[in-house]
Amino acid sequence: MPRRLTRLRRPLAVLSGALFALALVSSAFAQEEPAGDEALLDLIHAVDTAWLLLCAFLVFFMQAGFAMVTAGFVRAKNTANILMKNMIDACVGAVSFWMVGWAIAYGMGGGSNGLFGSGDWFLVGFDDYASWIFQFAFAAAAATIVAGALAERLKFSAYLIYTVVITALIYPVVVHWAWSANGWLSPFKEDVLFANGYVDFAGSGVVHTVGGVAGLMGAILLGARRGKFGRDGEINAIPGHNISLAVLGMFILWFGWYGFNPGSTLGLSGGLADLAALVAVNTTLAAGAGAFVAVVASKLLTSRYDAGLTINGVLGGLVGITAGCATVDPWAAVVIGSVGSLVVFFGVRLIDNVRVDDPVGAVSVHGMAGIWGVLAVGLFSSQAGMERAGYSDPSSYGLLLGGGAEQLGMQAIGIAAIVGWTAVTAFILFAAIKFTIGMRVGPEEEDRGLDLDEHGIDAYPDFGPTGPGIFTGVGAPGTAEFALQGHEALSPGRPGVSQG
Amino acid sequence: MKRIEAIIRPARLAYVKDALEELGYPGITVAEVKGHGKQKGITEQWRGRQYKVDYLSKVWLLIVVDDGDAEKVIEAILDNAATGEIGDGKIFVSEVQDVIRVRTRERGVAAI
Amino acid sequence: MPRRLTRLRRPLAVLSGALFALALVSSAFAQEEPAGDEALLDLIHAVDTAWLLLCAFLVFFMQAGFAMVTAGFVRAKNTANILMKNMIDACVGAVSFWMVGWAIAYGMGGGSNGLFGSGDWFLVGFDDYASWIFQFAFAAAAATIVAGALAERLKFSAYLIYTVVITALIYPVVVHWAWSANGWLSPFKEDVLFANGYVDFAGSGVVHTVGGVAGLMGAILLGARRGKFGRDGEINAIPGHNISLAVLGMFILWFGWYGFNPGSTLGLSGGLADLAALVAVNTTLAAGAGAFVAVVASKLLTSRYDAGLTINGVLGGLVGITAGCATVDPWAAVVIGSVGSLVVFFGVRLIDNVRVDDPVGAVSVHGMAGIWGVLAVGLFSSQAGMERAGYSDPSSYGLLLGGGAEQLGMQAIGIAAIVGWTAVTAFILFAAIKFTIGMRVGPEEEDRGLDLDEHGIDAYPDFGPTGPGIFTGVGAPGTAEFALQGHEALSPGRPGVSQG
Amino acid sequence: MPRRLTRLRRPLAVLSGALFALALVSSAFAQEEPAGDEALLDLIHAVDTAWLLLCAFLVFFMQAGFAMVTAGFVRAKNTANILMKNMIDACVGAVSFWMVGWAIAYGMGGGSNGLFGSGDWFLVGFDDYASWIFQFAFAAAAATIVAGALAERLKFSAYLIYTVVITALIYPVVVHWAWSANGWLSPFKEDVLFANGYVDFAGSGVVHTVGGVAGLMGAILLGARRGKFGRDGEINAIPGHNISLAVLGMFILWFGWYGFNPGSTLGLSGGLADLAALVAVNTTLAAGAGAFVAVVASKLLTSRYDAGLTINGVLGGLVGITAGCATVDPWAAVVIGSVGSLVVFFGVRLIDNVRVDDPVGAVSVHGMAGIWGVLAVGLFSSQAGMERAGYSDPSSYGLLLGGGAEQLGMQAIGIAAIVGWTAVTAFILFAAIKFTIGMRVGPEEEDRGLDLDEHGIDAYPDFGPTGPGIFTGVGAPGTAEFALQGHEALSPGRPGVSQG
Amino acid sequence: MKRIEAIIRPARLAYVKDALEELGYPGITVAEVKGHGKQKGITEQWRGRQYKVDYLSKVWLLIVVDDGDAEKVIEAILDNAATGEIGDGKIFVSEVQDVIRVRTRERGVAAI
Amino acid sequence: MKRIEAIIRPARLAYVKDALEELGYPGITVAEVKGHGKQKGITEQWRGRQYKVDYLSKVWLLIVVDDGDAEKVIEAILDNAATGEIGDGKIFVSEVQDVIRVRTRERGVAAI
């Protein structure tokens, strides 16, 4: 029975159900007409593909969640800028992941070497489209994490360049290592490094830590926002502008995570549907526990139920469970989510204390909770969990459950490699940007807000102090109506005099 | 004529306005302003870190009245705006040379 | 043919397709290799599971809808508070439904007695994860309804306790009665009470009325918001702060309802897919008719096209159709939705007139329209509808279609029991909270808004009158920049001086 | 073997998988028990139905996207009005598409004539519910496009009438022409007009151009907003009020588009799953390229990275690819999306220059990019693409790929017919409204904003200059508390004195 | 020097500003305020229940000019702000003792 | 007593406030206003079309002080609000006849 194939994850596993069934069916029908067989295989493939597509759509929708959380966490004067960055990374990411990113992550041509793939450039001659879109959505998520860490001061042009490089190179290499059929860390290669190889079911490390570490490098090179750190060492809070959008974004992210984690079964047939259900439950419990811990911790340690920390806590729980969502049991998901939330809670303070300015907590939420998630696999995975998720050596499992330290060691190696690669390449990338076109807007522009100079816009012209509001620049005498309309001019509304 | 400019607590405006209206002074202009004074600011927090908001929300109230009515109006404001706690605000009284009603171009006391 | 099993709804029906197919297939292949058979059964199970999962995700997403509608309907100064409540009920609900709620609703161990289940505590030894997450999403919906009715004055700590009790006890008991395999009201038990038993396909009564009635009890004990009712008996309108968010929330709720109602087939195989499609159509028509009626009614009775009532009208239509969505025909869905909208329209006034303050109309929308929906099953269900939805005695159906009064009587008994149970337990719960830790914030805090004292936050610091806006508390001389940055300090932006 | 049926698209194709499988299976099992067969056919049908339902839900959710983009692009004082219009077109559309729309689009009774269908009125005797809801969601999308073009001045009552007519008549006729089994343009009729017939896979022309052209007619008859065009010919910008909502709306639309385009396979079995995956990839690439081009073009031509144009660019890319998403290859999707974005970019200017006022760019985004999308099918479709999408004559394909000019000619005829029909009927409709109940609000009402007079509401009472904000109309002495509460009155909050 | 403080309709501001600019008085300061007076408030509704908004949106306009220019400026405001309907607003004129331009520290008429 | 009314850049408020507080004048009232003057407005754009925003965000600062303190306060404002670029704003000084503290009903200098 092609058991191993069944469990090959990215990107082959999408075929798993079909292959599994094929094996069963073909042996049974060997001497018969293959017709009912063919329809069944077609349907198995259809169902697996549809799962991947629908989950990809959910993961894509996380872009809206990232956009809303990040926008809510910055000041009104930088809102359009951060939204533009969120839009453009998904968009540019689509193009660059089509051209280059996929090839490096999963390209099968030209003798892959365990370090990076090659082949299927521009998807020429390629037809596993469902896998592409699923993987693209992950790449876009990794890219967009960074926007928050560099918010309110990074030039748009710098972000444009960064986003190409991360989706074309930095992230795809990590994917190749961890998820391709011959990545050196991959649990799906012929001879895994040791234990089960690096187990990161849906990408706590591969996606979130990459984003978080890249954000950290960028934030270090970029410097803090003006006013964040006082001369006498004080650390100032700079509140965002819209808690409603932030909460909406959190819920959208959570919703999208149901594509992110359960979708990472990459199929439904061959028993994967039950795995997906368990993954969904673990994801839910980790998020819930994360929020609960954040509420309690903030009440105890700051005397109030902190809304921003609660949002961060949910996300910390979600990021934390992402690696182990298939291999741990529900009680462990509660523990992992709770700890993930605490990691974020204290991570936010730590980052402040080392004088790095991360306006939305991206480094803590994605970077640190991501590392926690990867290690948690080595601590909490059950033997049955390793087995049901199809990893090759279920005798290595969570240290705390008596599965030995091997898997934990493997996880540590894996995440160290990912952090190292990302830190080095992101640092080089941002340094190169800094010393060529420049990373940062000028101080006056920063004070005025990036929206005005970079985009010529007020995000909320009717509300904010900077918008034209009820005041208009239209000269009254120059205002006329469109001919067909025939109203007499009474008052000019709020438009400005056109310059174009 | 007197220009009476009061900085009061937002929550007291309704009481002040009602009192003025009852006294026969319906015409007022108000705006949201922020005040800083002896009253201590609010401590808020953002993702766990506390910060002080030094400016408190206040209402600025402008009412122009005839000289003889000024004391009555000031009394009405004082009666309805005071809570006794720090931060009740101030009234500033100054002289207005002319008042013009835009609609009718009436001037002086007739225009109030 | 195990027809009855096919129609066992919660939680067994998820197996229905598989069982149905198993019967068919195994008889056919009795003497053959079971291989193609096995792959087909696996796929049937996968498809049914995936349907449940995807619909659960949609139902979960309704949390975002509730959050946005409720936030939009309260004042800016209470926005963060209501959002925190919306977040925390989903999160705490996940944990408590995992620990206790499921066990009481569907627990199979320890001799269930028709009143409450027991067993599967903490999901130990449990593996029907897809059913759990689907049911969890319903529990979270029931819980969150209450937040709106108690908005703008309920303490956060009181809400925290409430949310544990409703998701662990009050709601699960109702589920056990109405949907488990041996609840005393359940149409899925061996000998139903009479007629088809209490028919509530997706939960007009089980979910919405429970939420609405619990909200009513809370609102009565809590008292009205300051200023809602004048001394001379006048009823004041207290407008919310954001109609855009409210409309967004309404659309998200409607979208999520496509998981709520069609997902309540609990599977797709064995003909359930066609049932799900009909349910989706009925849901759509009821929502549309509800909105249309609200628009017309508000124009006729208030002289304007009222936006808030239109939102409430859509929701009233949706709540109304939820019980009968599988058993009525499309024309009846239009009628039910229209009446549901009117129930809300006049319910809002009624609640005001009895001097209960329900800031978002939760009691009318969920409580009253929910009761209407349950009764409408007994009025409008067609014989064919009862049959296709798999209820046991299609000879009892809608009174108005000639199906006799039996089913209507059964519905009345069912909803009376649900209302009674919920009213009593919720009253006890809220009274206990009130007389121990207290339900209500102090009057000054209420005037200032709950955001400030409970959460130390302004929901919109850049817009609202209470936020720091463009005014900063940072002392200019104390403001310096992060070393790596090197800009000269020009101006301090908007941060406040840190106290931490 | 009913192979042709397999490719019949709307609405029959939903049966395609089943029929395809039926053919295969029944030949194989001809002499055997049909039991496993029956279960397989049931499942195939279930899977195809579920795909249609889930995609319909996504398409429905685009209503939220339209609402948010449009609301964000108008001024705060007209926000509630545009949101009401967005709500009501989905709702009224549901009712009128149930009563009449479907019958005209796809009604099978009474000898269809190629021009309009007839039969299945009120869905009596109808059971293809999944197709209905999918098609309804498309009709609602076509209807809602117009709201934006007529924003900030169209009376609500006029919109109410318009929305009935477009969903009951104007749009369904076009659907009948292009997608029904005997529409005169349809590629699914027995003898197509020529080439493959008019190929518009998901509706660049059928849905978007119809909306855009109807909007154009309305905007011409309605006249420009006061202040849009100055007396001396200057064209004034009138900024919207909320870029955050607009970006959110864009992401929701994009997310929904994954139902719109991939869902237009109308099923998954029989190889359609792979087609859906390709469609999803093409959709993604066109959107991404559209945004990228908009960012670059706005930087080059306006000196800033324009956020509004980026949103419009994404949408232009999406509208452009909608017709050809199944028949072009990924590289062509990038080209089509890029050009679509430019069409929007210059279209926005063109519309301004001919003195038509389209506040949100609906005419450019949906009308013009829709036409481009239809023509692009005739330019870029590959032979393999035509084949895999099941069109009848793959020897006619994209002109630029050497497939001759025939298909392009057919596309031109098709879109000309659609534009012509829509322009004439929409013009008559709006003219009739204008000269009876009137289209336009009075000039004072327009200045004050439509929210106040039409709906008696402020969209944001706590923020905007027009809302009561912190100022209350409640007379202090008249304010008392609800009896059970017992607080002493301190201050009245923000409610107004009730008049009711 | 004269401190001219006008409360006018928001919709008239553009006309007033243009007129002042043409006359050679480009320097003005404006703010959104709310007014209450003889003009009746608006009736809005919330989920079907009506309520009165007693305060109407007005623009507060501040312009300081030399004594000799005051009448010209007042005339310009009156000409462009009046609609003849109740609610057109008021102009209040008072004396200013000193004006200082922050940039240059100029004082008096030179600073206007 | 003097009524000192300054129109300054928002970004300078923190510096001015700190300076005033250090000098012993913690009581101030501020508001967001918009200014129009020699400083040229901002050009924004909306869906590719540019337009001019003629009004710039300014802070209006009101501080009432005893006659003898006026110069000190004016100096502090000038020192901290000036950048030397066009648009720094104005200070208007006028006479106040009376000041009343709402909380205590104190009048005159004692009430400041």
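We call the chains A, B, C, D, E and F, going by the order they appear; numbering starts again at 1 in every chain.
In this text, a contact is a pair of C-beta atoms (placed from the backbone, for glycine too) under 8 Å apart; a residue touches a chain by one contact, two chains touch by 3 or more.
Here the structure is a predicted model, which is why all the values come from computation and not from measurement.
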item	value
Chain pair showing more contacts of the two, B-C and D-F	B-C
Numbering shared by both copies at the subunit E-subunit B contact, with half separating same from different	different
Chain centre separation (subunit E, subunit F; CA means) in Å	18
Interchain centroid distance [CA atoms averaged], subunit A/subunit C, Å	29
Between subunit D and subunit B, distance of the C-alpha-averaged centres to the nearest whole Å	52
Touching two or more other chains - residues of subunit A	36-37, 40, 43, 47, 54, 235-240, 242, 248, 302, 304, 306, 308, 447, 456-458, 460, 463, 465, 467-474, 477, 479, 490-492, 495-498, 500
Contacts with two or more other chains, residues of subunit F listed in rising order	10-11, 30-32, 34, 44-46, 48-51, 54-55, 57, 94-95
Residues of subunit E defined as touching subunit C within the complex	44-51
Partner subunit D, residues of subunit C touching it in the complex	17, 20-21, 24-25, 27-29, 36-37, 40, 43-44, 47, 51, 54, 58, 75-77, 220-232, 234-244, 247-248, 250-252, 254-255, 258-259, 262, 268-274, 276-278, 280-281, 284-285, 287-292, 295, 302, 304-308, 310-311, 314, 330-331, 334, 355-357, 440, 443-444, 446-447, 460, 463-465
In the complex with subunit A, residue positions of subunit F that touch it	10-11, 32, 34, 41-46, 48-55, 57
Interfacial residue positions of subunit C with respect to subunit E in the complex	235-240, 298, 301-302, 304, 306, 308-309, 312, 345, 348-349, 352, 361
Residues of subunit E that touch subunit B when the two form their complex	2, 6-8, 31-38, 54-55, 58, 60, 74, 77-78, 81-95
